[in-house]
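One structure follows; several queries about it will come next.
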Amino acid sequence: MTNHDAMRLASACAQASLGMGMRLLSTAPGTARVGMSVRADMLQGHGTCHGGYLFALADSAFALACNSYNEATVAMGCSIDYVAPARLGDTLNAECIEQSRSGRTGNYDVRIENQQGELIALFHGKSYKVRGPVLAQETSNE
Amino acid sequence: MTNHDAMRLASACAQASLGMGMRLLSTAPGTARVGMSVRADMLQGHGTCHGGYLFALADSAFALACNSYNEATVAMGCSIDYVAPARLGDTLNAECIEQSRSGRTGNYDVRIENQQGELIALFHGKSYKVRGPVLAQETSNE
Amino acid sequence: MTNHDAMRLASACAQASLGMGMRLLSTAPGTARVGMSVRADMLQGHGTCHGGYLFALADSAFALACNSYNEATVAMGCSIDYVAPARLGDTLNAECIEQSRSGRTGNYDVRIENQQGELIALFHGKSYKVRGPVLAQETSNE
Amino acid sequence: MTNHDAMRLASACAQASLGMGMRLLSTAPGTARVGMSVRADMLQGHGTCHGGYLFALADSAFALACNSYNEATVAMGCSIDYVAPARLGDTLNAECIEQSRSGRTGNYDVRIENQQGELIALFHGKSYKVRGPVLAQETSNE
């Protein structure tokens, strides 16, 4: 996988983000900040933002942060804890910070906060550096 | 929250599923099976299905299973492990099985397999039963 | 790392198990069952078994299962969900089942049940196959 | 459960820590720091500290932090990611920081570092506030 491919991957992630109304706020090696406003079509039965959108927001910040080195990586796994509800019109901010990166694996934490700085969700992602088609097959998705 | 609301919630989940081309295959108290075919727009840089779609698929099966009792529940948190890549045209099957349900919390496991029965991803969801608006606020999303 | 080392590792795990009063009930490629009785010194303030012992029990079953192939593996990470309390005198049974094993990673689920078959805890472990000293250093513990 | 019980719980945790050679370095509402030196009997086949000890260390910091308010809490679940190996003689430092605490649940992150400030493991714990015997039974362990 070339640097070009890595850039293309990050770009694809960014486009998916745009599709959901996400905004890339900043990125630097190992970090990324992505914003998203909660729209009416993102609400579910309880009148709060569906968890799937929170996951997608955090996942995008994670993908951008772990692909910020011009080395292609894939996600091995992720977890999310929903802390407080996000509501219609809330402006959410997902900030991803790299906790570790050594050998072929990395660990990344994402905090989603609303416009008042209240914590909405915590996300943890584990990345795996791919070296080429064979190894990409050896592992997994995203 | 009334039974009607609970039904509406499950229905909303099902609709989101339809939007992503998901198919509700079966549901029963504590379980649900949801199908999805991998479309070209679900692929990412590596030519494999974006992890976000796998999460959404598993999350839908989870939401249907934990809301199958006419009691409204919310997700407290989820985790996913990506095991093998899903490819264009693959027909994925997400089966959610309840592992526990007592007091106000429940634990659910989802397996995503492809048309050959190969394991694609493992998902774990933790649910929390809501009793009304106050308690809904006390907890969280989805 | 030789087969001998792998055996020694599994043996060390088994010894740690014995130290905590654990009993290896059965093992086969990809699976293991370990038993433990809840002793007075395992209780904490609430009169229930300390979660640390439940983790150690599940972790032992996981270590034995993922090292059952004569290939040395290490744990990349684990998670545990406490479902119901274990009490003084309970006889716990931890059964580990392999969910996936391909390339260098594996996923294992452990269920801890009491003597009545009630679910006490759910554990998930992720393993990584080590190939030698350099790669062992590249990854991690346990 | 009284404040006295809550204190007794934290004290019991601290005692378990002492049994494994852990040292309580500091504690304040929502946080705790615990130290531990890696002894020969904590090593496993690979010559590195067994993951179970790292879990116990992080778990102790978590228990102290989430019980620092004179309200008894139990763990609902935990996860740990092993980042780098800890070796014989290493002096480990586990610092727990509260990420959220609202309603009855809390989220806590623990970082384990060695004497050079290198990250060894990341731990996440989810707590649940207990209100008395009935609710304690409704939930779970630790």
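In order of appearance the chains are A, B, C and D, and numbering begins at 1 in each one.
By definition in this document, a residue touches a chain if its C-beta (ideal position, glycine included) is under 8 Å from a C-beta of that chain, and two chains touch if they have at least 3 such contacts.
This structure is a prediction, so every number in the text was calculated from the model and none was measured.
Between B-D and C-D, more C-beta contact pairs are found at C-D. Taking each chain's centre as the mean of its C-alpha atoms, the one that lies farthest from the centre of chain B is D. Once the centre of each chain is set as its mean CA position, chain C and chain D turn out to be 19 Å apart.
Separating the CA-averaged centres of chain B and chain D is a span of 31 Å.
For chain C, the set of residues touching two or more other chains reads 76-77, 79, 81, 83-84, 102, 126, 139. Touching chain D in their complex are the following residues of chain A: 79, 81, 83-84, 99-100, 102, 107, 109, 111, 119, 122, 124, 126.
Of all residues in chain B, those touching chain D in their complex are 76-77, 79, 102-105, 126, 135, 137-139.
Touching chain C in their complex are the following residues of chain D: 1, 5-6, 8-9, 12-13, 16, 44-46, 48-52, 54-56, 59, 72, 74-86, 120-121, 130, 136-137, 139-142.
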